[in-house]
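Letters are used for the chains, namely A, B, C and D, taken in the order the chains are written, and counting of residues starts over at 1 for each.
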Amino acid sequence: MAEKNIKYSFMNHWKTLPYKEIPNFRDFYYEDKTNYAYYQSWEQILNYTLGCGFEGIEIWPMAAPYIETFGSLKDFKDYVNSKGLGISGSFCGMGPGHIKENIPACVESVKKTVDLVAAVGGRHLNICPGVNYGEGGGPLTEDGIRNTIDCLNEMGRYAEDHGVLMGIHNEFFCIMNKDNHKRIIEATDPKYVHYCLDTAQVSIIGEDLCTFYDDYHDRIVTFHLKDTASPKMPDEVRYAASNPEIQDDGWRWFWEPGLGVLDFPGLFKLMKKHGFKGWATVETDGSPDLLASMAHSSYYIHTVLDKIYR
Amino acid sequence: MKTAFSLETVNTRYQEPNRNRVESKYYWEELFQLVGAGGFHAVELPYDPGFMGARCCFPFSKVVMDVKFGGVEGFKKVLADAKIDKIAGIFASPRAAGSVEQYVEGFKRSVKGMLGLAGELGCDYVTVSASPEYCTMGALLDKKAELLDALAAALGELADEAGDIKLCVRNEFWGILRGAGMHDFMAKVDKRVGYCVDLAHIKIAGEDPAEFIRKAGDRVGVVILTDTCFEDKDEVWKGPAPAFPRTGATQVFKDLGQGSVDLCAVFAALKEVGFDGWATVDNRQTRQVSRGILRARYALNAVEG
Amino acid sequence: MKIAFSLDTVNRSYQEPNLNRTALKFYWDELFKLVGAGGFDAIEMPFSAMPKVRSWDPFSKAQLEARYGGAEPFAKQLKEAGISKVAGLFFTPSVGGPFGSASVASADGFVGGMKNTAEKLLAYAEELGCEYVIISASPEVSSMGGLLEKEEEVLDKLAAAYSELADKAGNIKICIRNEFWGILRGDKMHDFMAKVDERIGYCVDLAHVKIAGSDPVEFIRRAGSRIGCVSLTDTCFEDKAECWKQPNPLFPVTGATQIFRDLGQGGIDLKGVFAALKEAGFDGWATVSNRQSKQVSRGILRARYALNALEEV
Amino acid sequence: MEKNIRYSYMSHWKDIPYREIPNFRDFYYEDKTNYAYYQSWDQIFKYHAGCGYEGMEVAPWDLFAIRTLFPDLREFRAFAEERGVEISGMFHGMNGGRFKENIPRNVEQTKAAVENVVLLGGKHLNVCPGENYADGGLDEEGILNTIECLNEMGRVCEDNGVKLGVHNEFFCIMNKPNHKRIIEATDPRYVHYCLDTAQVSIIGEDLCKFYDDYHERIVTFHLKDTADPKLPDEIRYAPFPEIQDDGHRWFWELGFGVLDFEGLFTLMKKHGFKGWATVETDGTPDLLASMAYTGYYVRNVLGKIYC
């Protein structure tokens, strides 16, 4: 079998899982006799993740759910590894680093998350480069752009020193947006600041997915693979005063890979051309049924995309 | 006008997580309590002749009532304990088979079976579909006139046996008497046989439910309060499984108040024709029956308010 | 006695298919209608000083303004759904509340944190026209660290803080809830309440009282006229392994179970409870909180069924 | 590494109303719940492939609904194979075969069933050998007729390249007193055995011993666990014991009951079993959760012993 280049991880949107394991599963099931009992422990979720052929999970920075259920981050790491799964890394936010006096506090906070990623044996820290555009007072001024670059460089340096690759993970409603997105990528120090290509977010911002990857493939160290049916959203939606991420009527920005309109086959051809190697995280943010989304994504990867590049 | 809640709301056929619960008795024991707590003291049951025995506890056949509830009286007691003191009616849709004679014989046998159980259950009405799905009728379609005459005659005979149970005919949007086609047929049928006016089926077939009620006048036997947003632009009614259009997945039926049926106009028309029979809510959209019950209560409160 | 339905019933954090719906506004828009259709014309709501991340529930002042247009339009929306009253608010200390780890360093920090949030709670309750608020006596003991050795000092300071809050509460009744995992669990509550300002009432949460080993009927008789409000909850759980001391006590490590049951689905003698409340002359709010069923509509109808059965008594 | 076992999943999906849902997003928006994720065969087959299952075993009671979507079962087969899933076979029920006069009807029904299996590209027809015990156990004549009926049915299967596997059920008329006798008396050229791990354990057999004794007749499996082995006669022979009123489950996912699957797989390795093994999760409230979990268990746990 051809040598594998991509390791797939699944983004943890499982919310709180109150149990580590449920040895009395049958009795627990009988209390309510619904599938409620099938989604209450880390063991179950990690087994489903393995059952769907994933090799790792990506976690959220809020460490409470892990420590509380496992006692310590190390116990959590050891348990995940004992199942044969890795922790590819974590997501976090840069915070209001576009304002000079905030940079020290923002850097301190991200350092803690870098330590967390290192502690769980993760390789990636995917960072949203700033606060929301609408609420955070977009657009970025010249100073704001300069501060954002400095802030990212400083955070990236700390990550690099601790064996963690920090990748900018932009969001369509982020203060760093369409008109300065590329400029900031190019201005940051490639030794310290990499890029995590969130396929849906960059498309909603207005970039052409494949062109963007082709242009910045050397800076792109990992992916958040998710689909969207609403690329190239207009400014008034992306810059909305109140957070546009969760819509009142349940409109979804994100879909499982293959259920939106993005050209994943085209992207994978380019990944083959540029010889991408490493973790790629599948994310199904906004799904009503994470397991159904995970199983569907696994099908799409192993039966469709693997044929192009794996 | 009296309101009832139809247990057709409970999905016993299609896949969904937790669907297996409806196969066990405990599910139904609690469901009756929830229906009663929702302010519904009468229910309608889908009629099941009971060929499948009592493997699953769908309380719609005599064999399940006998095996699981100790007979009809035991079943009625469980309902009464849950504050449901009336089984308003039962309904069924016969399947097409063979020639006109065979179909009408099967139709009569089925309705007689329903009238028998309805009598034991103390029902006020029995509803039967005028025809099965159009696409399943095969050669019978070539003898439509002959079939309708035979059905009209059969309904007359059955009315004799119905006693004080009101025998009603429902015209689904996928049947040969869809929409306005029903009026000519009912004109030829014994006056004792009434219309079963299913709002969503009428609307999907292109008729205005309030108008349809006025035309049916005092022949309205029972009203099924259903809703819909579905517009059948691709003649889905002629094809297989019309409730699941191939042209694009959709839930053809919506819960009461969630679709585009003008309920105020319907209730006004019912008042106009002096209807004082049963109006049965049948929420076939939501997969959570408790939500279906509360949606029904909310919609009725809004209309009656 | 007035009956309300608590939105504490809605699970917003533990995994289950369709959980994502509770973050969305349309979910709450329909939920109010379903509560009204269940025959409840008053609700109790959780209060969060900081809005829950990525969630459009109306439980923080910020979300109420941003998503529901403020108190006025929200009250109108509730009215249309058949709900005429937000009877009360409560905040759960163990979920990132003021008692968080940061403030367990000293008794003053601990009580100060509580008082700070309680003031915001009272302000929001007033804006919504509430008649009571519920404050938990303490967070989970497992999160109180060294403060457990200074229990005497903490309780005195809490009592003092409650009096100051009572001065600001106007005609809103402040009620203290003694969860089974808190420092005032079970009958310990009575001695404490004897020392506390008369204006402060008990929040009698039936399941919490029972799990802590007390008999709810007896507990109500002893609380007598000091009962501020009642949380109608049920349980079958017997805490044989002192799970009340563990972190996250709602999910015993000794064996997964649903600690709370919907009203009428557990082992509490509800007839006895209602008789005792009548005896005590209680005429405040009794609020059903069905934390077991994951289908909230089922929780609403189960509550109505249990209450109907009790009213026949 | 050469694979000996091909895993198939027993279809308990009940009715699936759509082939595909090209307007999935709009459909989802109608109810905004996970309802929309379980309404098409496209999704169901993709979940099979996503959980590492190569096959599906068809339930006969689903054929009516399947045919409304795929009038020609070869279409259904092609549709599944396009998504990386093969049809391993179909379940079937023999009824009334204990009476001589019913044997011809059972043979006719088997012909029809085999025809469907061949159209679907399946290799197995797993047959429940009779109706519920509660309708009266097998007398001597009943045993002989059952043997003859199974042989006749088996011959029809063998002639069409399909293997008939006796799949006993704990409440079936062929039960503990005559279960082994009938297996041994049937013609091994035509009548094989489908070992349902839970059913034989509930009947009262020791799982590993039973497999060791009859391994050369066992051509396939229904792998499911149970927490109720060796049930007493009064439960097994009661009317309609399969679905319990209080929701009690006879069957659990592999590893959630008490059976010794590691022992069984060690024996499968010893006897060099090759072919389809169907994982079945009858009675689960969440087929996908069971499918993902068992996909993990057979590969990551049992796969270490034999795969």
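Couple of notes before you dig in:
We adopt the following convention: a contact is a pair of C-beta atoms (placed from the backbone, for glycine too) under 8 Å apart; a residue touches a chain by one contact, two chains touch by 3 or more.
Here the structure is a predicted model, which is why all the values come from computation and not from measurement.
Contacts with subunit A and subunit C are shared by B, D.
Under the touch definition stated at the top, subunit A and subunit D share these contacting partners: B, C. Taking C-D and B-C together, the chain pair joined by more C-beta contacts is B-C. Between subunit A and subunit B the centroid-to-centroid distance comes to 50 Å (mean Cα coordinates, whole Å). Averaged Cα coordinates give subunit B a centre that lies 44 Å from the centre of subunit C. If each chain is reduced to the centroid of its CA atoms, subunit B and subunit D end up 36 Å from each other.
The set of subunit D residues that touch two or more partner chains comprises 24, 32-34, 38, 247, 284-286, 288.
Contact with two or more other chains is made by residues 17-18, 21, 24, 26 of subunit C. Counting only residues that touch two or more partner chains, subunit B has 17-18, 21, 24, 26.
Judged by the touch criterion defined above, the protein chains are all mutually in contact, each touching every other. Contacts from subunit D toward subunit B in the complex involve residues 13-19, 21-24, 26-27, 30-31, 33-36, 38-40, 44, 68-69, 239-240, 242-247, 283-288.
Within the complex formed with subunit B, the subunit C residues making contact are 17, 33-34, 36-39, 82, 295, 297-298, 300-302, 304-305, 308. Across the complex, subunit B meets subunit D through its residues 13-21, 23-27, 53-57, 67-68, 240-241, 243-244, 246, 248-251, 285-287. In the complex of the two chains, the subunit B residues touching subunit A come out as 17-18, 21, 24, 26.
Looking at the complex, you find that subunit B touches subunit C at residues 17, 33-34, 36-39, 83, 288, 290-291, 293-295, 297-298, 301.
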